[in-house]
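Shared chain: subunit A. Partners: subunit B in the first complex, subunit C in the second.
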Partner chain A sequence: MFDRHFRLITIAPAALLILSLTVVPAIELVRMAGAKIAFTNDGVERTAALAENIGRLANDWIYWRALLNTLAFVITSTLAELVLGLVLALAAQRMTRAKGMVRTLMLMPILIPPVAIGNMWRLMYNPEFGIIAHLVDQVAGVRLDMLGSTSTALLAVIIVDVWHWTPFMFLILLAGLEGLPEEVMQASHLDGANSLQRLRFIVLPMLWPAIAVAFVFRSIGAFKVFDQIYLLTSGGPGVSTEVLSLYVFKVFFQNNELGYGALLSLVTIAIVCSYLAVFRIAQRTKGAL
Partner chain B sequence: MVTSPSRAWLAFAVVGLSLLSILAPFIWIVGVSLKFQIDILTGAFPFEPVAVNFGRVLFGKSSDFIVYAGNSLIVGLSSTALVLLIGAPAAYSLAWRRWSKLFSALFLGWTLVFHMIPPITLVGPWYLLFREIGLYNTLTGLVLTHVVINLPLTIWLMMSAFENIPRELEEAAVVDGCRRSTAFFVILLPLALPGLIAAGLLSFLFSWSEFSIALNLTTKETYTIPVAIASYAGENEILHGQMAAASVLSTIPALILMFFGQRFILGGLTAGAVK
Partner chain C sequence: MTILTRLLGSSALLASTVLATQALPAEPITILINTSPWYGGFEALVEKYEADTGNKVSIDAVPLGGLLEKARNAVRGPAGNYDIVNLSNAWVVEFYAGNYLTPLTDIDPTFSFGDNIIDADGLLYWNKDKQWPMKHGGVPMAFSPNANTHLWYYRTDQIEKPPETWDDVLKTCRSKGGEVDYSVVVRGARGNPIRFAFSTYMLSFGGSIEKDAPNGDFTVTFNSPEVKHALELYIKLAKECGPPNPGSIDQGEMIQYLVSGKAKQAGIVVAAQAQMDDPEKSAVVGKISYTVTPRPADGANRDVWGSWQMGIPANVPAERKKAAMEFIKYFQSDDAQTYYAEAGGIPVSRTVLEGPLSEQEKFRWMRPYSQASRYAKQLLQYQEGAEIEQIIGLRLNQALIGELSVDDALNTAATEIHDVFVRTGRRTGLLPPLQ
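After this line comes the complex of A and B, so read on.
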C-alpha cells in the first residue's frame, strides 16, 4: 500500500503546503483586491470596492513612481553587475593560484543578511562620520549626503546593490567560463585569434546561456528588493527611492489598506509573470531558429 | 592557456582591487562596532578598540538580542529540516516517477512564479489567514512561511541531484526485491547527499536573513535577528555602535557555514544558472 502509492505520498506534503500557503493566498489576494477591509471587534469586515480600488490605482502617482524607480533600479544595477561580474570572471579565470580563496571571499556579501548590509552602508553613507562622506570630503572638499538628497539617493541604493550582487554574477559567469571546452580555446589560439577576437566570437557566444540566466535571476532579485532600501532610506527622501515592494508594504501594513494593497500586489505579480513569459518566448523562438 | 606576464599582472590587479572593495565595508563596520559612540561620531582614527557594544547587545539589561538569536535559530533549523523533509521526496517524485506533463508543468511552473514574485505580495493574505487560525505572531507561522519560500529552490536542487543518479541502481534494487520506499531512503538519498546539504545550507542562510515576512508576522517577543537589527535603526537615539555590533554578530552563522560548506553553497548557487 505504502509502496504502491509512493509516488503520491512523496509529493503530497509539498503539494498540500504549496496549495495552502501560496495558491489559497493568491486566490485570497484576488478576493481582497475588490474589497475594502477593516478590522472590527468581531474580526474582519469587508465591503465591496473594486471600482474604487482600480480608480485609485489609476491615479496613484506614487505607485507609478515606485514602478519607474524599480525599473531604473533593476536595469541599472543588473547591467552594472553583469559587466563588472564578467570583467572580473575573465580576469580571475587567468589566475592559476588563489582562485579558490577569491571564490570563497566573494561568497561573503551574498550570504550575509541583507539587513546587516543595509546597516553597514547606512553607516558608511552617514554624512557626519561615514567613510564615504569622509573620503569625498578629502578629495572634493564637500560633505556629501548621498542618502539624504533626492538627486543621489537612488544612485546610492543602486551602488549598494551592485556591491552586494556583483560577486554572484562573478561566480556564475566564472563557473560558466570554466565549463567551456578547453579544446575550442586552444584551437582558436592556434588559428591566430587574439584575445579580443576570442572573447567576441567564441567566449561570449558560448557563454550566452549562462549570461542570459544570470541576467534573469538577478533582474528578478533586484525587482524584489526590500530589505536594504527599507533600512537605507525607507523610500525617501520624498519618493526618490520608493520601490514596489516597499510601497506594497506601506499600503498593507502602515496604512492598513489591505484591499488596495492586494490590488497593488496583483499588479506587481502580473508584471513579474509577463516578464517571465517574455523571457520564455524569447528562449523558445531562439531555439526554433 | 598561454598568458603574457603583463596580462596576468593586470588580471591579478583587477581581482585584488575588487576583493578589497568587497571586504572593506566589512572591516569598516567591525571597526565601528569596536568604538565608543563619541569616537564614532567624531570619526576618530586611530582608536582604542572596546568590546562595550558587544557586551551591551549580548548582555545588556534592556537587550533581548539573545532571545531573538534563539528565535532565529529555532526558525532557521526547523524550517530547514522541514523543507528538506518535504522538498526532497517531492523532487524525487517529480524527477523519477512518471507524472503527466501537465501536472509537472503546472507544479514546477507555479513554484517558479512563486519563487520570482516579491514575497511581500503574499504577506498580506498570510497575515489575514494567520490571524484567523491563530498563527500570527508565532514562530510556527514564520517557520511555515520560510518552508514554503524555500521549497522551490530545494525542489530544483534536489531534482537535479536525483537526475544525476543512474536509474539502473533503483531498478536493480527493485528487481532484487527491495521496496521502492526503501530504495529511496537507503540508495537514492545517500547518493543525493551533496544536493541535500547544498539545499539545507541555502535554506538555513535564507531563513536566518529573511526580513520582510518576519517584519510583518512577528511582534516584539517573536522577532528574529534581522527584524531586531532593523528596529535599532528606528529608535529615537540611534546607537550606532550597538547597531554595528548587532550586525556583525548576525553575520557569524553565515561566516561559519561559508567556511565549512562553501563547496556545497557554491554548487547550489551556480548549478541552476550554468546548466
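After this line comes the complex of A and C, so read on.
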C-alpha cells in the first residue's frame, strides 16, 4: 500500500509536467479552432467561428490536395527508406571488417542541417548548373528540371527524403538484425535453408518489431515534412509539392489566421492518428494470423 | 564631376557629419533584423554609430523565415525585448493597425523625414482614420533600412543600349545566340516571388488588383484586359527568351544566371547589385549595368516596393524609445547614408543616391534606383494581403507553367480574391470574366 502511494507521489510531478505540456496546448488548439482570432492592444480578441472555419475547410481544395500529396509522400518515401535500409542493414551485417566505419558514414546525411540539404539538393537539381541535370544530359541528351516540372517535383523531394532518412532505417534495422538469436540462424543453416528462405521465414518475422518501430517513426516524421520542401519548392510548381505542414504554416504564420490554422492542425492530427490506427490494426491482424 | 558639384557634395557631407555626430548619449538598444544581403552594410553602420556616439546597440540577426514570429512575440507581450524591429512591407499594416508600434512623433514631436528620404509610397506613415499607410493624414511610424525595388540588370557587352520598352527587350530576345544562353530571366516561382515580380509588369500596363482600396473600394480588377496583357508578355518573355521551366526560378536562380554569364538581362531587386561586381561570385564583373524596368511602348514606367521598415515597439520603456530615436535620426543623415552605401547597404536618401557617390562606377545603380523610387507603388496593404498574395502567386505560377490558360488563371484568381473580400466584409465586386 505504502509502495503504491509512494510511486504515485513520486511520479506525480513528471505526470503533471507532461500533462501541462501536452493537454493544455491541445485544449487551447481546440478552443482556437472554433474561433476567429485577432490581436489588439487590449489582448486577444476571439469571435466564435466554428461553422465558418469548417465551411472553409470543406471548400479548401489546396488543403485536400496537400493531403493527397502528403499521403503519397509518406507512403512512397517510408517504403523506399524501409526497403533500402533493410538491404543496407543486411549487407552491413555480413561485413566482418569496417562495419563501424560504414555505420558512421551512413550517419552523415542525418547529421547535415536541413537548410544545407535544401540548398545542396536545389543546386544539384538545377537544370543549368546541377550535377544531376548534367549527368542526365550526358547520358540521355535531355535537360532535366526535376523541381521545375509538376510531374517530377514531388518525386524530387521524395528522393531527397529517402537520401536523408534511409540511414535512420538502416541503424534501427541493423540493431534489430544484430539482436537476432544466433542459435536460430545456425539451426536454420543446418536445416539447409538458403539465404532467401532464411530471410523470408526467419529474419523478417523475427525482425518485425524493429521494422514496425522504424516504419511508424519514419511515417510520423514524413507526415511532418516541412523544411526540405519549404527550401526546395515552397510547395510549387503549382501545388504539386504542397504538403499539410507547409500549408498549415502558410495559413498560421503568413496569413496570420490562427483560428482556421488551428482547425487545419486538428484535422491533420486526426489524419495522422487515423493512419497510425490503420497501421496498428493491420499489425494486430497480422499477429492474429 | 565639376568643381561646383564637388564643393556642394563636400559641404553636404560636412554638414551631415556634424548633424550625425550630434546624437545624444542614450540607453543601450537592441535591434531585431533579418540577415538579408544588405545586412552587412547595416551592421557596419551600427558599428560606426557606436564609435561616433558612444551609444551601444545590440543586433539580433535572424534568418528571414523566423523574423515575423520573433517580431510578433516581441510586440504582443507586456514588455518587449527589442527597441527596433525590422518588418517587411507585407507585415506593417498588422503592426500599425494593432498599435504595436509607437508613432515616432510621440517620442520626438519635432521629428520628420526629410523630403530627400524615400518613404516607399507613404508606407512609413499610418493614417489611423483611413486605416491605411499613407503620408497624407498619417503619422511617421517607421524608417526604411532598405526600400528595395527592382532594377533592370543588363549586360553592356551584349546589349548596346539600355532597353526602354518591352519591345526593346523582345528584340534582344529574338537576336539571342553567341555565348549567352538566355536573353531574359523571369522570376516565376510560386507565391511571393512571381506575385512581386509580376506586379511591376501589371502596374506598367495600368493593371491593378483592386479598384481603389485606400478609399474602401475593393472591387476586384485582377482579371482586367490590362492585367491580361501584362501576363501574356510575362509568359512570352519567360518562354521565348528564358531558361526552360521558369516556374521554379526564384531570385537566387536569377542572380546565378546573371553572375555566371548565362543570361543577358533580368529584373531583380536593387539589393542584388552587390553580387554582380564581386569577383568571387561573378564572371561578369563590370559587365552589368542598370536601368529602370522597361515599360510598354504606350505606357509608363512603374515598379513595386518590396521595402523593409524598422519601427519602435510600443511596449518598451520611454528611455529606450528615446535611444532608438537617436539611432533613427543618425541613420537618416547623409553622412550615415553615404557610409551605409559604401559598406554595402542601400541608402534611402535621394541626396546620396543622386549625389557625388552615384557618379562612381561602383554605384552606377544609384541613379536608376532613385528614379524608380519616385514612381514605385506599394500593393496589398491590408489585412487580407498575405492570403491574396498566395492566391495570385499560385494562379500566376499555374499560368506560367501551362496548367491554366491566362484567362482561366486571372478569372479564377479574381473570383478567389473576391471571395476573400466578401468573407472579410469589404465593399467589393467583380469584373466580367475574361473570354
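A few notes on this one:
The criterion applied here is as follows: the second predicted complex is superposed on the first by the 247 of 289 C-alpha atoms of A that agree within 3 Å, B and C clash if a C-alpha of one lies under 4 Å from a C-alpha of the other, contacts with A are read in each partner's own complex, and residues count from 1 in each chain.
We adopt the following convention: a contact is a pair of C-beta atoms (placed from the backbone, for glycine too) under 8 Å apart; a residue touches a chain by one contact, two chains touch by 3 or more.
Bear in mind that the values here come from a model prediction, so they are computed numbers and not experimental data.
Superposition note: with subunit A as the common reference, subunit B and subunit C are in steric clash. Touch criterion met: A:F253 reaches subunit B and subunit C at once.
In the overlay built on the shared chain, the residue A:T76 is in contact with neither subunit B nor subunit C.
Counting residues of subunit A touched by each partner, subunit B versus subunit C, the larger count belongs to B. In the overlay built on the shared chain, the residue A:P109 is in contact with subunit B alone; subunit C does not reach it.
Using the contact criterion defined above for the overlaid structures, shared-chain residue A:Q283 touches neither subunit B nor subunit C, since it reaches no partner. When both complexes are overlaid on chain A, the residue A:I18 reaches subunit B alone and has no touch with subunit C. Within the superposed three-chain model, A:S188 lies out of touch with both subunit B and subunit C [touch as defined at top].
Residue contacts after overlaying the shared chain place A:M124 against subunit B, while subunit C stays out of touching range. In the superposition on chain A, A:T233 makes contact with subunit C only, not with subunit B. In the three-chain superposition, subunit B clashes with subunit C only at 56-64, the remaining stretches of 56-64, 218-226, 236-244 or 416-424 being clear. Once both structures are placed on chain A, subunit A residues 126, 128-129, 230, 253 are touched by subunit B and, in the other complex, by subunit C. Touching subunit A in their complex are the following residues of subunit C: 65, 68-69, 72, 76, 94, 98-100, 181, 189-191, 243-249, 253, 256-257, 260, 262, 314, 386-387, 390, 394, 397-398, 401, 403, 423.
By the touch criterion stated above, subunit B contacts subunit A in their complex at residues 1-3, 7-8, 10-12, 14-15, 18-19, 21-23, 25-26, 28-29, 32, 40-43, 85-87, 89-90, 92-94, 97-99, 107, 110-114, 116-129, 131-132, 144-145, 147-148, 151, 155, 179-181, 184, 205, 208-209, 211-212, 216, 225-226, 229-230, 233, 240, 243-244, 247-248, 250-251, 254-255, 257-258, 262, 265-266, 269-270, 272-274.
Residues 2-3, 6-11, 13-15, 17-18, 21-26, 28-29, 32, 37, 43-44, 84, 87-88, 90-92, 94-95, 102-116, 118-124, 126, 128-129, 131, 134, 163, 166-168, 171-172, 175-176, 179, 185-186, 189, 195, 210, 213-214, 217, 220, 223-224, 226-227, 230-231, 244-245, 248-249, 252-253, 258, 261-262, 265-266, 268-269, 272-273, 276 of subunit A touch subunit B in their complex.
Across the interface of their complex, subunit C is touched by residues 39-41, 52, 62, 126-129, 143, 145, 147-150, 153, 230, 233-239, 250, 253-257 of subunit A.
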